[in-house]
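Before anything else, here is the set of structures, which you'll find just below.
Each of the next two complexes has subunit A plus one more chain, namely subunit B in the first and subunit C in the second.
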Partner chain A sequence: MTGGGPALHGADAAAPVGDHAQAARTTRSRAPRLRTVLSLGRVEASRLARSPLVLAGLLAGGVMVWLTIRSPEPLWWNDGWRIGFGQLVLGMAVLAAAQLAAGRARRNAMADLYASFPATAGTRTLAHMAGLAGVVPASLLLMGAAAAAVQLRAAIGAPGVAVLAGGLLLVIAAGAAGIAIGTRFPHPLAGVLGALALLLSSGQSHLPWAAGLWLYPWASFSDQLGSLPGPLAGYPPAGAHALELAGLAVLAGIVALAVTASRARARGGLAVAGIAAVAVICLAGALQLRPIPTPDLNHLVSEVADPASVQHCTTASRVRYCLYPGFGSLLPSLEAPVSAVLAHVPAQPAQRLTVRQVVSISFPDAVLTHGHPNREVSRWDARVQRAPGNRGAAPASAIYLPVGSWPADGGQLADARFDLALSAADWAVRIPLQASGSPTSQVFLQCVPLGQAREAVAIWLAILATHPPAGELQAGLGAAGGFAEVRHTLVPTWNYPGTGYVTPPGGGPQDTAAGYLLASAMTSLPEQEISHVLAGAWGRWLNWHTTDAQLAAALGIRMPSASSTVTLPSGKRISPAPGPGNAPQNPLCTS
Partner chain B sequence: MHQLTAAIRLTRRPRLFWLRALPLLARPITQTMPWAALTTGCLAGTGYLTVMAHIAGTSHSPLGHSAVRLAFLPAIAALAFVPRAPFRPLTHTAPVPAWVAPAGHIALAAPILAVTCWAQLRIVAHTIPPHTFGRPPAVYPLIAQLTAWCAVTVAAAACVDRSRYADLGGAIAAPASFGAIALAWYAPITARFLAVPPATPHGVTIAWYAIATAALALTYVAMRDQWHRYSRNLRPPGIQYPAPRRLS
Partner chain C sequence: MTHGVRTVAVRADGLSRWYGTTRALEEADLALERGVTGLLGPNGAGKTTLLSILATVNEPDRGRVSVFGLDPRDVAERVEIRRRLGYLPQELGYHRHFTVAGFLDYVAILKEITDRRRRAEEVARVLAALGLERRARTRIRALSGGLRQRLGIAQALLGQPDLLILDEPTAGLDPEQRLRFRELLSDLPGDPVIVLSTHQADDIAAICPHVVVLLQGTVHFTGTPAELAATAAGRVWAAGERDARAHLSWRGGDNRWRHIGDHPPPGAELVAPTVEDGYLLLSHAAGA
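Let's turn to the complex of A and B:
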């Protein structure tokens, strides 16, 4: 109950309508109007903060952030931008909620009633703009929770304040756009369509003009941030983008006020302010379109093409670990599986193993190299193509770890550790890195250690070192494993589901189902017994002529047989036949 | 007393008497249909797809079914505003069931959505070069998916219409539907059955049609719900009213 007085402190008496309205307006001082705006703004902020749409958007934004940051390696220069995508989801909800609030009077056919209130339409619009303060806590909460989650995963690097602030500005700009839409189009569908337009504009590959990627409200998934070995200045241009978003928010507010303003003087002032906002947006756009400085890209190319020049190398258990600056925290999780494998190897190869980080990045990408001459980009690309991990003729005693591929925790980390252990074990038993084609070509077929004892030994060593769940190992058989054609014979293969975290030069061998089954059978025997058999004739077991059947006989176990049929998703079992005689075939791992 | 009972029995109408009133209802149902919202949604998505097809044509990168899914979202959003029964307390007193009008609106919206889907598929098909190697992906799982999305949206709208947010209607139902769709599409548990791959096209089609059937059943239940709901307690403090009774 207001007792017949104004419902809000500072609200004047109802303004007379008709010819007296102008006179009443002139008598109204600025101070009470400001108080009215603040009072109404407080109410609108409270309503916006409690809006189920905003709360649902906050939840959805949190889920989106988690989905985008949980898999890749936690790198602040990548995760900071991903947090912004969660803010985009929150911004969509805020846009819809703000549109509903701004269109409330007209939607409920109450425009005439509202016109009789002391607060003018412009005042109410200003109050709606002030009410956007109500979504700031939600945005800050999302930002804080996401940052805490990233930091708890031991992220590399430091958070970028400009990137995080850009997320907050995005939410405010979306809300301002919602108010602008709501003042003109009160139907709720307008807000939903506005939110969808915001989402579609921030999509991925369908966007035209790649060089202008950062001009979109929050472009996602079309960048290479997750593959960079460190932050790259101007990629993204966070400060300029935040300025653009601030300009968009102001422009949307001006549009909303212009729709409701009735006085010519006010419209003139708004027009001037609008021009200023457009100028700021254009300036921010121009700043974002500036090419990344050539020295920075030259440095990046050097980091990619010649990682040894910048990496810090550490030796442990006769293995060199070369990591980019800032990635030293990965060392313990890399050392553990490799050392565990080598601890069970009777004799290591003479050549020292190197575990090295590499960068997989595309330089012809216009987002990265726009504004630079094509000749320069081609030169960079040619250098990068010769980088370790890209060129075919790489040393056999290296394991490459692409930046951004090493997970932080959970089941994926266990998978990655097994992958690394298996690569180290392949090196230890001297399985060569033979393949037909190159990893970058269309036809790339790894060699197959068909019927070789050393394959089972390598898999056994990796299992012993990391103890992966038996179910996951078993999942690499059957339809997931597939077949490889070697010497016109189809060989059932085994693909561990967690492969792909490391890349041995040449891609590493293609393991067979028979090799895995023998290794699996070996795990049921006492470790000392197997070590004794292996150490007794280590050189023999490493010979590619020594068969897995001979190893099984030496261990006193029956050689398991791999099924030559495959079960289709429909449940039907088929026996695949070899392809035509001229089809490309996997080479046999010899030497 | 016997005379009164007999009189009531005589005036009691047969259960499906309102079927005879349908021809008379066609006109008001057509007039109250939210044509503007539905047309705007359908045209917005189709317009977006046309622009994307033009860009795809100039960059020689054909569009896929994902583009159709994205372009159909505005139509889905518009559909969320269709099943609306305003003045429900009043329409409850009418001899015709209250759900007839929203059901009629949905029936009117169905062909519009079908035409939109067809047009969008044609637009995407035009971006694929004529001599493309390999067969294009099957369309029937996509149609099943879009049908299920529509059904889920209608169910959400019908449920929201029976809630305290009835006045906002589609503004709540559309985000709720999008959330449900995103959850079904991206959650690993459901994606195994609803996304190709890992599921087969046949499996995906069956799964989406099953979801559509369940959603329509929920819509049926929500539309026939006659219980009055009020958004908040309007009683002034200190005044006691008798407890509300369920209207039968």
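Let's turn to the complex of A and C:
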């Protein structure tokens, strides 16, 4: 042994070659394969965790989760599954990153060097699989951040552990698929194509068989989860789906190892493991395809068709709020705009107002009802059709709030509060909330309080109660407003952009541009002055014969005139001509 | 031709290898002792194929290989050979996003050096040996060709291999680095078996006690550099004019023509042959 040898260049870089020679020789590891796998797996995990692709996927996944959960009402049974979309995006990035890692040796022309190492290709593949542990923190971080965001929005219900775990397994399965692809196809494009295939699998427009929705890695948006009044067992079948994803991850790992296995015994073992994985996937698939039990669907239909049988009702300021179990936290948010409207009404109506949650799900739904006899499905459908909130028979003093429609916060909540306040105000001034029409024909027409003083009063009350931005109110005119045909006359209408959160039976009345303009003009007057005028002849102002011009005169303001032209989004202004006469006419609100 | 009484560590008997219809090796025999063996041959002679077979990366179509008495056809013995092997392929790509130290650490794990502390020591040792300490944290994509070649040599030295196979290790190295490489090989502890291929006959002469000349897939010479040079004894002349009868002739730095051939040019004087002369004469004789 020598005391040291020179470096290849530079005296300063020179260092002993043989100082540790004997030590290294005698202590050279004869590590078992497992230790090599773990050591290599640790390196791969670290590289994967720091991969720009994975970090970008984490960011994109977070954005995706936010986009999918920010609008609808926060319901855990819906949002848990939506968080999975973020995991799907992260999974795509992990797939591409894992493919790059697994194909690294071949892509970088290092296959010959790697083949000279005692660590076999199988060992390296196992290490890549172990390295997927490196993306677990990213997935957990995404899951945790998303869950915190959902919870901060006061989500109703509780997170489903199986659904959230499914998201994690999706990321791991995607990574395993990336490794399987990378061992065969080292070109980076292969990973990109794999990620795209994963993305395409999440869309359902191409699905020939809707009942198989949950069999895809992560189904998106073709479900009615966000409309349910609570979690429904087996919808989605989260546990079985997590089992399927675990099976897919194992199968992808086996496929990756099969590429490198040369010995017959190893191939035999992999074949057996592969068959077992396929069996697990098939079992999980069969479990996911099981029909939702009839008692559970019966219960759901009962909740939909007869909400009163399960809802808890609370009375506040003479208004009943009937909510499904677990939705009690909505009460303050609902009560505030309604109470604010009623507080400004000179005289309360004799009839009580009810604000009731309803469920707007549609039957038949192949995902919900597959496996059940058509007769049974038709029976459910018929019951759902008669449910409150569906157009048709409904009490005149009810405002319906579809489950899933009430926003948690932000501008949408402000819109929803105005929407509810306007419905409450319409009810308070006795504008009929329900539309006219036939439930059998499913054609309903909103009445129009054309030229009626009470319309402006209702809008003024809603504005007073919730103070929406003037710009948004104004946006309800013009192209957004449009026209309604009443008595063969085209009437410019006003549609507040942020409507649709509550559903008066039949959709409520159709407000006119003139009514809004008068209400807007009223907001420039002192509230006490208007209240005094209204209180002095409240019964008169509620009469549908009392005109808006009379109200304007009583208030001493000039009656604003509504434009008879509409500005299209393109900027073009049009003046609609009266219809041909055979189109359905909106009725006048006459009660 | 076999020299010395030392034990043969690596033996190849009758190796043949075809790539489709192209013959890379034919009935090649080889016996390597401990120490440095230089493998000389023109492009396409089969050097890389031969070295890759010795490195257990490639399998011969015919023939047998024995490395330290182990048979690479047996899976367990092949792994054992690889545990004692350091290999630098001729065309080595690199993981460009790895750092120098990160790459060496990765290779060390692939060489089953799983203990972190020992791995760190081993990486530090080869970094120092190749003068790459200051580049430890540099990404490979930022290295010059010469530095990458040194990194390739460094990875081959990881784990103190008993058999070091270096396919054109001095390609891309500047003269000073080549000299330091010679020193490095000379100072390797443990008397490993080293086989390196090169086009540089002076490298062979400088550091290889043994030399093998491979021509057209067949071993044409095995011996010492002196013996290779001696094959040209009496057939190398220096003259003032070029002689068309010479197999090879070129003008030297002293402005005189150096001729290799069987017939002395007029007025020529016989000169001492070099390893290069012997190799060129062999190549010419083989029609390579």
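The criterion applied here is as follows: the second predicted complex is superposed on the first by the 547 of 591 C-alpha atoms of A that agree within 3 Å, B and C clash if a C-alpha of one lies under 4 Å from a C-alpha of the other, contacts with A are read in each partner's own complex, and residues count from 1 in each chain.
Please note the rule applied: a residue touches a chain if its C-beta (ideal position, glycine included) is under 8 Å from a C-beta of that chain, and two chains touch if they have at least 3 such contacts.
Computed from a prediction, not measured in an experiment: that's the story for all the values here.
Student: Just checking: does A:Leu40 make contact with subunit B only, subunit C only, both, or neither of them? Give me first, second, both or neither.
Tutor: Only subunit C; A:Leu40 stays clear of subunit B.
Student: If you tally the residues of subunit A touched by each partner, is the higher count for subunit B or for subunit C?
Tutor: C
Student: For A:Leu53, select first, second, both or neither according to whether it touches subunit B, subunit C, the two together, or no partner.
Tutor: In the superposed model, A:Leu53 contacts subunit B only, not subunit C.
Student: Applying the document's definition of touch, where does A:Leu67 land relative to subunit B and subunit C: first, second, both, or neither?
Tutor: After superposition on chain A, A:Leu67 lies in contact with subunit B alone.
Student: Figure out whether A:Phe117 sits in contact with subunit B (first) or subunit C (second), or with both, or with neither.
Tutor: A:Phe117 contacts subunit C only, not subunit B.
Student: Does the superposition put A:Arg379 against subunit B (first), subunit C (second), both, or neither?
Tutor: A:Arg379: touches no partner chain.
Student: Output check: A:Ala93 vs subunit B and subunit C. Expected answer is one of first, second, both, neither. What do you get?
Tutor: The first partner, subunit B, only.
Student: One more residue to check, A:Pro188. First (subunit B), second (subunit C), both or neither?
Tutor: In the superposition, A:Pro188 touches subunit B alone.
Student: Could you give the residue numbers on subunit A that contact subunit B in one complex and subunit C in the other?
Tutor: 108.
Student: Which stretch or stretches of subunit B touch subunit A in the complex?
Tutor: Of all residues in subunit B, those touching subunit A are 36-37, 40-41, 44, 48, 52, 55-56, 59, 63, 67, 70, 73-74, 77-78, 80-81, 165, 167-172, 174-176, 179, 182, 186, 198-200, 203.
Student: Can you list the subunit C residues touching subunit A in their complex?
Tutor: 52, 55-57, 75, 79-80, 82-83, 85, 87-89, 91-96, 105-107, 109-116, 118, 121-122, 125, 128-134, 150, 153, 155, 159-160, 173, 176-177, 180-181, 183-184, 186-190
Student: Tell me, which parts of subunit A touch subunit C in their complex?
Tutor: 1-2, 4-10, 13-22, 24-25, 27-31, 35-36, 38-40, 43, 104, 108-110, 112-120, 124, 262-263
Student: If you look only at subunit A, which of its residues touch subunit B in the complex?
Tutor: Listed in rising order, the residues of subunit A that touch subunit B are 52-53, 56-57, 60, 67, 93, 96, 100, 108, 187-189, 191-193, 195-196, 200, 203, 206, 208, 569-570.
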